[in-house]
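Structures for review follow.
Both complexes shown next keep chain A, but they swap its partner, so chain B is in the first and chain C is in the second.
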Partner chain A sequence: MTTALLAPAGLTVVGLVLVPLLLVVRNSFASADSYGGIQGGFTLANYQDLLDPIYLKVFGYSLGMAGLNTMVCLVLGYVVSYYLASRPPQRQMLLLLLIILPFWTDFLVRTFAWINLLSPGGPVNSLTDAIGFTDGPSQWIPSQGASFIGLVYAFLPTAIFPIYASLRGVDNSLGEAARDLGCGWWRVHSRVLLPIARPGMLAAALLTFIPTLGVFVIPVLLGGGRDQLVGNLIVTLYTEFRNQPMGAAASVVLLLLMVASMAVFGLAARRLRRKTA
Partner chain B sequence: MKHALDTVTAWLARGVIAFLYIPIIVVVVLSFNDSEITYKWDGFSTRWYGKLADNTELLAALQVSAEVALISATLATACGLLAAMGMARLRGKGKAIFSGGLFLPLIIPEIVLGVALLSVFGAMSADLGMTTLVLGHLVVTLPYAALIVLGAYNALDSSLPEAATDLGCNAWQAFRRVTLPLLRQPLLAAWLLCFTISFGNIVMSTFTNGVGSTTLPLRVYSMLKGGLTPEINALGTLLVLFTLLIILGVGLRQMRRVLVGADRS
Partner chain C sequence: MTAPTQAPDEAPTAASAPAVRLTGVGKTFGDTPAVQDVTLDIRRNEFFSILGPSGCGKTTLMRMITGFEVPTEGTVELGGVNANGVPPHKRDLNMLFQSYALFPHLNVGENVAFELKVRRSRPKAEISKAVTEALALVRLEGYGERSIAQLSGGQRQRVAIARALIGRPSLLLLDEPLGALDQKLRAEMQLELKKIQREVGVTFVTVTHDQEEALTMSDRIAIMDGGRVLQVDSPEAIYERPATRFVADFIGTSNFLTGTLGGDRLGVESLGNLAVPRGHGLADGTGVHLAIRPENVRLTREEGEAAAGRVALPGTLQQIVYLGNATRYHLTLTDGSDFIAESRGADRSGLAMGEPVWATWDPARSRLLDQ
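After this line comes the complex of A and B, so read on.
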């Protein structure tokens, strides 16, 4: 009976996730036939090919963008979560609803919304013209900056939820007590509230950093496709170059980056704990 | 006394919430713009919605997306419910391993999951189409369905179905007449969220769609590569409205439980 109940989900996970992942690892060591398909054999050539400066640049740029995006999302996520958590309960519900709507709004809509905003002569440009910041149409899109704004916009709600989840149970009087005992604003946050928010911050960091590496829509639509993330590299290798073994190798590298970042974030969280304990 | 920095961060937080809304509001407003140029206001018009209704390619893609979302959400919710009932009977290591596997797709980058499925379909020389799309979306939605249903199932008072059994119900009747009605709301929530996730999915679809099974997001993405049109803003507005309806359908309380955990107070 138990087996029968677990079978549908179990078969899905084994057949459509685990076995396929193992196949990707296998394919990353295979050589390509003349159509870019899998020929078999064993070679490290696909990984060696990824060491080409062009591809290394993609990995470096991705790590930089993902790191920066994670930092911005953590800071803004903490600020919003703290604001939410310190409101009265009824207000919190309403504000939370306000964040849920953009979170569930279609990913593409949230991306192309920025094309409207940042186009030369568009709303943002008109505003900067009005305050004298710019003079006439400005070419802000496509650019790295537009791409970065798109990334922050896409991941910010994702980062807010776990941080808010770790802060919302906190009694407001805890911060007040620390304040009464002579803690300044910074110390209330760094010694009392941030340590409480740490598990949420860690979850938010993982939910932002790893998925950012695999994004491909935003760099194409807002960045003009010039500065690519690992996600773009994988899509290009599979759908344009049709080099499956190399695409598989790039996917395995992405998996390794995922494991490495989990280890790094975990370690960082543990060190922080020792420092504040 | 309130610290000045509290005031500053409160305003920053309000600014961030505004930042989350401005792009969406601009899409909605510009969808009613009469001008061909999306961002130059030139009077009110609903003509882009009319044009949307005439776009047969887009309507075909909408149908594909709706069908795939309908089937994969149903499969994911059913699998999630069965898994939750099965997991309640597991103990110790087996339970930990199963739940680890179940939630694995949540941490693995979706693009890798897509590549992995494509590799398997390629190795089996399966034709890419509706079936492969549905399987791909099942992978993406199952963890969310499981998350919601598992939480609700574990919170269920197990003495209720037991009481039904004591009163002479067989296992199926106890499930059908007691467990299922009690889980109606979370099951609906799980289904709606899976539907939304599947409907908006673009990464998994990139690798699992075939000729004639282009989903709505894939179609919109290829349209966007040629530039943003007022028509796309109109479609975006409808999608925002759709999201709003889904959230109302799921209910705020349920939504909060999914996203930030159960009430601690």
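After this line comes the complex of A and C, so read on.
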């Protein structure tokens, strides 16, 4: 009976996730025909080709960007979450709504909005002109910096929610107790609030780091496609290079990177639980 | 009547200065005054209570002593030093939070050790010895490794006390310390807190709305209402010699008769001229309240049964309420007002409900209040 009830879900997972995944793994060991299609056979050549410094650089750059993005999102996410959690409950709901609001707009549209915001003579440019930081139209797009802003923008809400969730229930008096027991502003955070927010920070890191590795729209639109993330590499291999087996190999490596980082986060989470249990 | 505030001691030096001296302290939130013109001294090593109904400003007053609120008027001195502008973490005092505010990410021992680790670097062995002692003080030996989630409410409070006292502050402020405990535990902790206070010799200042709590634990009590301190006195003096009608009503129960003073008599409309305590020092013609505690009222069937010199008022017995350790008699006086008498133990008066009776009392045991 249970088996019968589970069948639809099981079939969906097998048909839509497992089978395509196994196909990708299978293709990554195949060789390409002259049009870039799958020719069959078994070879490790695709993985060997990925060891080329050009590709290694992409993986290294992706890990670096994902790491940096995660750190910036954690810091900003903590600051925003702390602010949110210390507001009166009614105000918290309103502010949360403002954070969720952009999700109701298509991601692509929001990324295009950044192109307008950052364009020469655009709103950001006018602002920096007004405060004397720049003088006249500035070319910020496409650039690595614009691409990074796009990444932070995309993942900040995802980082805020788990951190906010871990700080929300925290009694105001905990911070006061810390001050009462001799903590200045910094140590109230470092000794009490940050440790309490740690499970949320960990979840936020997981939700930011892993998806960043697979991002491909942002570097194309805001970064001009010069600095590629793994996601861009896969798209390039499949579409421009028309090398399906190698694209599959890159996908498998990305998958392994994600599994590895999940394992690391999982271990960290388990250590944290054991400590507080 | 006596002034509601207390005269400061003469020329304090740092060593003899009171633990806390408030001079003209006031706090206004927006347009709403929460605390107004509070002047009082809290002596070293005394158990001091700030007692009042909710919203009377007692919590705000305490938060100004801790430094979490900044007074809009007046000065707060701690140990003879002006503390205005000193942030909470630089004040030599600790607070026991109503919610205990224990740190959930630390175990019992780490919670207790928190202040020593933050305030100064000390050798590990010294800290762990201090933690052991602090836990022994609150009778939680061997609980150091437990997590906060494993503790009962009463145990959490003990941990909070140990944490607040480990650095031997000169002052401990307790915010409704027993509010979250059940009746039985509360009575136990009242005695326990008093014992701990004597043992460590730290000035305790507790804020409470529970008069029984304040009366049992305190050396002195400040009664607050509407942002003002109405009286600062020993529990006995507060009960026996309340300074205002509010105090007489808030602490215990009182009957009030309102009238105009003429010599040693109080003219009360439709009840007549009643004898009042001698030597009250109030001018004739003053409008005053006469406060009579129910336990000082005797009931008799006939006016003549009352002993000479007692005031006697006729009324009708409405209800007899048995309270366990006492019996309470509710009467209606001839002017329609309610009046309460109380005797110890079960009802032995032989009176029946609806019967006409006389309420009598010794004028010396009543009290005149002009505010």
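Here is the rule we use: the second predicted complex is superposed on the first by the 258 of 277 C-alpha atoms of A that agree within 3 Å, B and C clash if a C-alpha of one lies under 4 Å from a C-alpha of the other, contacts with A are read in each partner's own complex, and residues count from 1 in each chain.
As a convention for this text, a contact is a pair of C-beta atoms (placed from the backbone, for glycine too) under 8 Å apart; a residue touches a chain by one contact, two chains touch by 3 or more.
All figures in this text were calculated on a predicted structure; none of them were measured in a lab.
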item: Greater residue coverage of chain A in the superposed arrangement, chain B or chain C; value: B
item: Partner chain in contact with A:206 - chain B first, chain C second, else both or neither; value: first
item: First, second, both or neither for A:100, with chain B first and chain C second; value: first
item: Partner chain in contact with A:82 - chain B first, chain C second, else both or neither; value: first
item: Contacts of A:231 with chain B and chain C, given as first, second, both or neither; value: first
item: Chain B versus chain C as contact partner of A:187, first or second or both or neither; value: second
item: Chain B versus chain C as contact partner of A:174, first or second or both or neither; value: second
item: Chain B versus chain C as contact partner of A:12, first or second or both or neither; value: first
item: Residues of chain A at both interfaces, chain B in one complex, chain C in the other; value: 179
item: Contact footprint of chain B on chain A as seen in their complex; value: 1-10, 12-14, 16-21, 23-24, 27, 37-38, 76, 79-80, 82-84, 93, 95-110, 112-117, 119, 121-123, 153, 156-157, 161-162, 164-165, 168-169, 179, 185, 206, 210-211, 213-214, 216-217, 220-221, 231, 234-235, 238-239, 244, 247-248, 251, 254-255, 258, 262
item: Complex contacts: residues of chain B adjacent to chain A; value: 3, 5-6, 9-10, 12-14, 16-17, 19-24, 26-27, 30, 38-40, 78-80, 82-83, 85-87, 89-90, 98, 101-102, 104-105, 107-113, 115-120, 122-123, 135-136, 138-139, 142, 146, 196, 200, 202-203, 206-207, 217, 220-221, 224-225, 228, 232-233, 236, 239-240, 243-244, 246-247, 252, 255-256, 259-261, 264-265
item: Footprint of chain A on chain C - complex, ascending; value: 66, 68, 87-89, 93-95, 97-99, 101-105, 114-115, 118-119, 147, 163-164, 167
item: Residue ranges of chain A in contact with chain C within the complex; value: 171, 173-174, 176-184, 187, 191-192, 195-196, 198, 276-277
